[in-house]
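Okay, so subunit A shows up in both of these, paired with subunit B first and subunit C after.
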Partner chain A sequence: MSLLFKFLLISHVFSGMLGIILFSAVLFVLIKKLDSKRIKFLRLTSLWGLIGFLLSWITGGYYYVYYYGALVKPIIKAGPYPWAHSILMEVKEHVFLFLPFAALIMVLVVYLFGEDFENQPKIKNAGIWLATTIVFIGTAITLMGMAISGAVVK
Partner chain B sequence: MELFFFINKGLHILTAISGVGAATLAEIFYLKAIRDGIVDESESKELKITYKVMRLSLIILIFTGLGMMLGWRWELKGPEYFYNPVLLAKFSAILILLLGVSLMHARKIPIWLGGAISLVSWYGAAGLGKLTEEFFELPFSNKISYLIIMLGYFVAIVITAFVLKFIHEKIQKV
Partner chain C sequence: MDTLKKTKLINSIIIGATTAVLFIIAITITADLYLPLKDWMKNNFYHHWVGKGILSIVVLVIVSILARFLPISSNQEKTGKILMLLSGVLIFGFFAIFGFYIFEVLWK
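So, the complex of A and B:
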């Protein structure tokens, strides 16, 4: 693997994880009673979380198209764990497309309705559920990525 | 790259130690704080710092853990490392730790139960982490499955929860 693809893979994994951690922070703060300081924190954190997911999206996409598809996929499909690609990677690459959009919605909700969260518990609860979904999907995708890495044999 | 993985592994071990230490101290400080029934300002400060160390340790631990796995991926360690029951149990312990902390944070579970999950998960993940790379060299490795490890983990949580609940009740009666 060339240095470029190593760098892309590191960036893909780390920026994706950063996104998950930041949205976990969003979730933890959303559960609490919100003041202006916390709303500011929510706005910044969700925005950086979205940037993390977008970076992970771009680096992962480039790595997939120019390295994984040509070199790694055939090894996995010919190995003892072909399901790692045919099931896990197929699920991962489709669900992964959805994640930055969910994150973008979260950012918009926090920026547009942040001040009203305490007065409108329905919006706040929807935000909590959205953040939970983002963290859950992100964690599931990470675990799938690990399982796919394990299926690459010599 | 070798230097990167060396530093990464060192950092992983150090943060595991600081996380285990912080989880232990958090429990000790909490029990000390509730002894008189009131958590005063200095006690609250102690607890906040300890939780911050624990959170930071967990974040660095996750990143360095991923760094180690990237190293395995490049060395094509394959299923022997990635599908290792010890590693899978370690992941499960960390996920349960995150779930437990979230539920405790949202006040959906009592503090003694959250404390038990946190303590057992930190100690369990640190111990399992030490075993991961050496697991297949152990003479009894073929007798240990993921389910057996997780059973031991849940039994440890139940025992620790009972002990912490007993201590909490005893302290609050005094």
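So, the complex of A and C:
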């Protein structure tokens, strides 16, 4: 593997993990009573979480299109765990497309309604559900990525 | 920005994002069942995955603009409801795509 693809793969994993950690922080802060300091924290954290997902999308996408498909996929398909590609990678690559949209909405809601959260419990609760969904999908995708890596057996 | 404008803006973008997620679910399953669609994306966007990403962004932008100018009532209670709908669609999409590929591998 060339240095470029090593860098892209590591960046994909790290920026994706960063996104999940930051949205977990958003979730845990949203559950608490919000003051101006916490609202500022939510805004910055959700924005960096979105940036993390976008970076993971771009670096993972480039790696997937130009390296994984030609060199890794055939090894997995010919190995003892072909379902790691046929199920897990197919699910991962498509469900991953959801995350930047969900994260973008979370950022916009926090930026536009941050101050109104305590007066608008329905929006705050819906924000908690959205953050939970982002963390759930992100964690599931990470576990799939780990399983796919483990399925590369020559 | 006043509250009404903010609410209208965010509601229209949430509707756009929800539609984009539904579009991803639909095009993922349809392109696997109808290969000419997958080939069309490969031919026009280099890779079907890139095609799905670009088309879903186009759906987000177009639907958000349309929803912004549609005479839909905008209040913050509605924002909570459509935000919950987005979370529901995301979870539904996750299990729908997972279920579809399990079905493809085990029974096709």
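We adopt the following convention: the second predicted complex is superposed on the first by the 154 of 154 C-alpha atoms of A that agree within 3 Å, B and C clash if a C-alpha of one lies under 4 Å from a C-alpha of the other, contacts with A are read in each partner's own complex, and residues count from 1 in each chain.
Definition applied: a contact is a pair of C-beta atoms (placed from the backbone, for glycine too) under 8 Å apart; a residue touches a chain by one contact, two chains touch by 3 or more.
Owing to the predicted nature of the structure, the values given are computational and were not obtained by experimental measurement.
Annotation for the three-chain superposition on subunit A: subunit B and subunit C fit side by side.
By the touch criterion defined above, A:L47 lies against neither subunit B nor subunit C after alignment on the C-alpha atoms of chain A.
Of the two partner chains placed by the overlay, only subunit B lies in contact with A:F14; subunit C stays clear of it. With the two structures brought together on chain A, the opening angle seen from the C-alpha centre of subunit A toward subunit B and subunit C is 140°, to the nearest 10. Of the two partner chains placed around the shared chain by superposition, subunit C is the only one that A:A102 touches, whereas subunit B remains out of contact.
Measured by the number of subunit A residues touched, the leading partner among subunit B and subunit C is C. Once the two complexes are laid over each other on the shared chain, residue contacts for A:V29 go to neither subunit B nor subunit C. After superposing the two complexes on their shared chain, the closest approach between C-alpha atoms of subunit B and subunit C is 18 Å. The intersection of subunit A residues touching subunit B with those touching subunit C, taken from the two complexes, is empty. Across the complex, subunit C is touched by residues 57, 61, 64-65, 69, 83, 86-87, 90-91, 93-95, 97-98, 101-102, 104-105, 108-109, 112-113, 116, 120, 122-123, 125-127, 129-130, 132-133, 136-137, 140 of subunit A.
By the touch criterion given at the top, residues 1, 59, 62-63, 66-67, 69-70, 72-74, 76, 78-79, 81-83, 91, 95, 98, 102, 105-106 of subunit B touch subunit A in their complex. Subunit A contributes residues 1, 6, 9-10, 13-14, 17, 21, 24, 27-28, 31, 80-81, 139, 143, 146-147, 149-154 to its touches with subunit B in the complex. Listed in rising order, the residues of subunit C touching subunit A in the complex are 1, 3, 6, 9-10, 13-14, 17, 20-21, 24, 28, 46-47, 49-50, 52-53, 56, 60, 76-77, 79-81, 83-84, 86-87, 90-91, 93-94, 97-98, 101-102, 104-105.
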